[in-house]
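Dropping a structure here in C-alpha cells format, bear with me for questions.
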C-alpha cells in the first residue's frame, strides 16, 4: 500500500527549522515537519519552582498549545474552557521530561527553562515536532547564558529528537505518520532518542488493538533511522553550536 | 522630540499582510505592523449562538490571545490560569463589534464567523493590528462562501481598519505607537474607521491624565491619515477582491 | 421624536445622591439616576497590590456587580457561574482608571482604595452612574483619612463625573440614555470628564453602525452640558467638602 | 449582664419591612432587623430544574450574597474568588428548604420561584432576616400570579419566620443576637417556625462548647416568643394579603 | 409499620469499627453502620491556617467525599465537576465543628488535625457515621502525639458520637435511618452528643413538612438511647484508650 | 543489591483480588498488590458520550483518584483544588484505552462502561494495579449483562493485566517496583499485555537518564514473566468466568 503523500515506508516528511523566529525569547525556532508547524521558544527564568528551591539545581518545564485553527475543524481554546485538557497535560509533561534527560541541571544553577510549543498548523506528529524544535530553541537559549558568561559551556550531554511510528491496518509499519495515517493506525508509537540512539521515552499504544514484540522491534528500527535524519536537521539549524554537542555526546556515551 | 525608531510624528510603521498564511481556516493572514505580528484566521460555522437562533441573521465573534513569549517578559498562559483576563475580554469584544459594523449580517444566513487573532510577537498596537488583519481574513472567508455559491456577493459594506494614536508627556501627538511609546504616553486612543473615514469605535483614555477636545481633534486628524494608509495595504493584500468592496463603499456612503 | 419618558433631548434624568448610605464603609452613597440605583462604597486598605509595592504610591481599584433582579429579566449571578463576564471586567477597569486620573496617588502612601459599585436597580447608564457615585464615596473616604490626620488634605485634583450620550435611528443625539433608548441606539458613547471639562475617557461605539466626526462633536457638546449638571449634584452631596475640590480644580487647570 | 444595645434578654431588634423596594422583581422587600438590612426578591420562572420536569410540581430555590462592605471589614466577592463559599451554600439551601415547607408546590404547576437575598448591611442574623423577608417577597410574587389568574389562590399554608437565639458565656439565653453577641456566644441556634409555631428547621450549634436539653428548651421558648413578634411585622407588611394566609393557617393546622 | 430491614423503632444497625485500617495516617478506621461504610483518617500537620497563626491554639478541619459508586446510581466526582457541592461543604463544616467541641485546642499547640471521611458504600447516615468514626481516628492520632511525648495526655474532654432520627409519613419516630427510610421521612434530624449526653449539634429539618416540639422531644429521647450504644462501640474500638476519656468525661461534666 | 522488601529481582509482590467488594456497582473488586490497595468498580450506563452517538458501538472510560491519606504525606483533594492534575488525567486515559483494546465495543451496543479506580493505600504501582483490578471488575459487570440477557456472551477477547518494571541506579532491572524503588529508579516502565502476551501499551521513561534497546528487552522479558503471574490471580478471582475468556483468547490469537 502506498502512502497518501507518496512517501516511502521509512521516509520522513521534509523538515525545516528556522532559528530566532521571534525576537523576544532567549531561544526560538519555527519548525516545520511536512505541514505541521510549531513555534518553539525557550525562556530563562532566574528561579526554580518551590519544590526545588535550595537544591542548587535547575529545572525545565514545558507548555504546549494549538491555535484554534491549527486543526481542520476549529478547536475551542483551553483558556475559554477554563481548563487544560488531559491530552495537553500529557504532552507538556512529556516534553519537559525528555529535555531534562539530556541537560546537566546541576550546571545551570537555580534557573527554570520554560519551553513553549505553540502549534500553528497541525498535520500529525505535533508532539514529536515540538520536542525536536524545543531542543534547538533550548540550546540557543543556553548559548545566550554562555555568551553572558553565566555558565561555562553548553550543559547539554547529547542531541535529543523525536519521531512517530505506527502500524497500519494492513500490518505495515510506517515512519513519521501524518494526520490521516495517524488517525487510521492500529498502533501508534512516539519515540524519543538521543544522538547516540539511546532511548529517552517510548510510548506505544494499541488503540482498540495490540502489537507483538516483533512489531515493536520493527518500529524501533524505523525510529532509529528517522531520528538520525531528524538530528541532521538539528545540526544544520544549530551550525557551529552543533559541534560542541557532538563532542559531548562522543565523550559521554 | 524624535521617535525612538526615527519615524515622523504622522508616520505608520511598515505593514505587511501575508494572505492564506495557514492552510486550514477559510481565511487567514499574518499581519506585521512593525515588529508586531498577528496570525488572524476566520472560520465559518453553520449555526449561530443560542440568543440569535431563528432570527435568520449571522453573527461575528472574536477571540484574541498572545503567545507567552510574544512579549519581552514571558506572560502566563490564560489556559494555565484557568481564566481569561479582563484585557483579553475587552479586546475580543472590540474586534467582534467592529467587524459587525461593516457586515450585512442578514445576508449570510444563520452562520457564525469566528475570528481568531493570535499575537506571535508584540510591540504595541496588537489590538489594532488584529482588527486590520481580521478584516482581510474575514473577506477571504466570505469569498469562499461566494465561490461555493452559498452567498451571492461579499456582504461587506466598506473597508475597516484600526490604528492607535497618543499624546506623549511633552504634549506631542503621535500616530501608531510602538510598545515604548505606548507605555509612556499620557493619552492613548484606539480608532477604528471605515474606508469612508466614518468612525466605528473610538476609545480614548487618559492614564492618570486628561485631555482636551482640541487634543482629541488633533488625534483624530492623525488617525484619519494613518487609516487611509492602512487601507491601502489591505487593498494590496486583497487584490481583485478589493474592488468590489470599493464599489460597495462608494455606493453606500 | 419625543423621548419615552418625555425628557428634552439634552435633559438628564433626576439625580439623587444619598451619602453615608451604609454604615461600615469609609465612604458610601446610594446614587439614583432616574430608575437606575447604585450603592457605591469606598474602602481604604493599608497596602497596595504586589506590582506596586515599594513605590510609595497608592492605588485605586473597582469592582462592579448587579443584583440578579436589578434587571427586567433575572440575570444569573457571576458567583454562581464561577466567573466574571467580559462586560463586568470592562466596567471595573473603566471605573478604576477614571478615578485614578484625578487623584494624587503619590500623596496617599501605599494604600489601596477599593471601590464597590453594586447596582440594585438598572435602567441604563449603570456604569456612568457608578463613576459619578464612586467619586463622591471616594471623597468621603479620603475625608476620613484627613480627619484621622493620615493625609494632610484631600488628594483630589478635580471633580469627576460621567454620562452617556447616543445617536438614535432617526439621527437624533440624546443625553443620558435610559434602558429602552440604549438598546435601540445606533451609536452609544460614554463620556467621563473633570470639573474643568477635560476628557478622562471617551468610549464611542457604533453597534452595527458608524458615526461621523460631526456627530461626535454634537455628542461631546451634549456631554459637556450634562456633566456640568451632574457635578452640581455631586457638589450638593459633598457640601462643604466640595469647596476644597473646587479650589484645587481652579488652581491646577 | 446587660446587652450591648440595651435590649432585654427576650427583646427583638426593631424590624422594618418595605415592600416593592425594587421595581423589576415580581415581589421584593427591604427588610431591616436592627442594623442588618437585606434586599429580598422573588422571581417567577416558567420552568423547573431538570430533575423535576414532567412531575407537574413547582420548585423554590434561593441565592444569598453579601455586598463586600456589608461587613465591618471588606469581604472578597465570591464572583472574584470564582466560587461560592460553604457558608453561602448552607444558607441558600436553608432558605429554599424552609420556604418549600409552607408552599403547596403542586398548586403552582411547573414554575420555579427564585429567591434572591442580598445583604447590604450585616449586623448578625442575616440568614434569619433573609428568610423572614423572603417569605414576604414570595407572597407578593404569588399574589401577582393570582391577579394574572394563573393560580386560583395563594398557595401558602402558613406564615414562616426565623430568628436566632444563643447562650452566652455567662449561661444567659438571648433572643435575636447582633453581631457582637453572635461572635461571642457559646451556643448559637437558628429557628424557623410557622405561624402555628410548628418547627420547620432547627439548627443548634455549640462552637467549642455543648448545651443541655434544658438549655435547648429555654432557647425554644425564647424563639417562640420572638417569632410571634416577627410574624406580626410580616402581617403589617402584607396588609390585606395576610388575612388569607391566616385563614389557611387556621384551617390546616 | 415495621421497618424495611426488620429493626425495632429504637434499634441501631450493626456497627463495626476497624482501627488502623490504612497504614499511612496517624489514625484511621473503617466504620460500618449497617451497609454504610466510611474510611476515616486523621492527619496531624505542624501548622494552623493563616487566620489562627500566632494564637498558640490548634485547629481541626474535615473533608468528606463519596466514591462515585458508593451510591446506587453513579455520582459524578466533585474533582471532575471542578467544584465541591453545597451538601459536601455542609457536612465538612459539621464534622470539623463537632470535633472541635470536645478537644482542648489550646493543649495541642499550633497543629491542624485534618479529618478525611471517604464513604465507600452509602446506605443512609453517612455524615453521622463519619463523625462517629472520625472521633475514633482522631483519638488514635492524638495517642501518637502522646507516645511521641509531643503532648502530655489526650486533649479530649469527652466522647463524641452522632446518629440520625426521623419522623415517617405515618408519624412514627425512628432511630438510625437507612437510605430508604431517609428518603421518605418527613422530618430528618441529625444529633451529635457527648458521652455525657450533652448536645453538640442538632439539625432538624422538615422537608416540605413541619414538626412539633413534642415530636422534637421524642426524637431526642431516641437519639440519647442510640448514642449511648454508639459510644459503647467506640469504647470497644479504643480499648484501653477509652478509659482515659471516660475519666476525663467524669471529672469535667 | 537486595530489594528493600527482600524480594527477588523478578518477584511480584503478593496479589489479592476480592470480588464484589462493594454492593452497588455492577462489578467491583478490592485489589491489593503488596501494600497498594485500590477499589475498582465498573458501572454500566445506557448511553454513550455525544461524539459516539448513533454509531451503535459502546465506550469505556475511566476515572482514577487517591484518598488524601493513601500516601505517606497527605495529598490535597483534587475536588478542593478545583481541578484534576495532569498525572491523574494521564492515568485515566491510560486505563480506558487499555481496556478498550480487549473489548468488542460493537457487541455491547451504545453503552458506556465507567471504570472507577480509587486508591485507598499507595505503595507504588497504583496505575498498574488499577488496570489489573479494573479488568476483573469490568468482566463481572459484563457478566451481569449476560445474565440479564442483554448481551449474548462476554465481549472480552483476552485477559488484560499490567505491571511496572524499572532500572535502578546500579543497572539492575526489577519487576513490580514499590514506592521506594520507584522513586529512585532511573528508568521506569509500565507494561500492559494481554493473556497472549501481546503488547497493549508500553510507556518507558528515563527520568534524567536514558536506556538502551538491550535494557528495553530485559525489561520486557521481566514484564512477561510478571504479567503471566498477575493473570493467574485474575483467573482465580474470576473463577468459572475465566474459562470463557481463556477460550476466546485461544481462538483469536
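Per-chain residue numbering starts at 1, and chain names A, B, C, D, E and F are given in the order in which the chains are listed.
We take it that contacts are C-beta pairs under 8 Å (C-beta built on N, C-alpha and C of every residue); 3 or more make two chains touch, one makes a residue touch a chain.
Since the structure is predicted, the reported quantities are computational estimates derived from the model, not experimental observations.
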| item | value |
| --- | --- |
| Labels of chains that are neighbours to chain C and to chain F | none |
| Fitting chain B to chain F on CA atoms, where both chains share a sequence, rotation angle to nearest 5 degrees | 120 |
| Inter-centroid spacing, chain C versus chain B (mean Cα positions, whole Å) | 29 |
| Whole-Å gap separating chain A and chain D, where each centre is the average of the chain's CA atoms | 61 |
| Centre-of-Cα separation between chain E and chain C, whole angstrom | 52 |
| Geometric centre distance via CA averages, chain D-chain C, whole Å | 34 |
| Interface hub residues of chain D, defined as touching at least two other chains | 82-84 |
| Category of the chain touch graph - line, ring, star, complete, other | ring |
| Going round from chain E, first to chain F: chain order | E, F, A, B, C, D |
| Chain F-touching residues of chain E, taken from the complex the two chains share | 22-25, 28, 35, 37, 39, 41, 43, 45, 63, 65, 67-72, 74, 77-84, 88, 114, 116, 118, 120-122 |
| Interfacial residue positions of chain E with respect to chain D in the complex | 83-87, 89-90, 92-93, 97, 100-102, 105, 194, 198-213, 216, 220 |
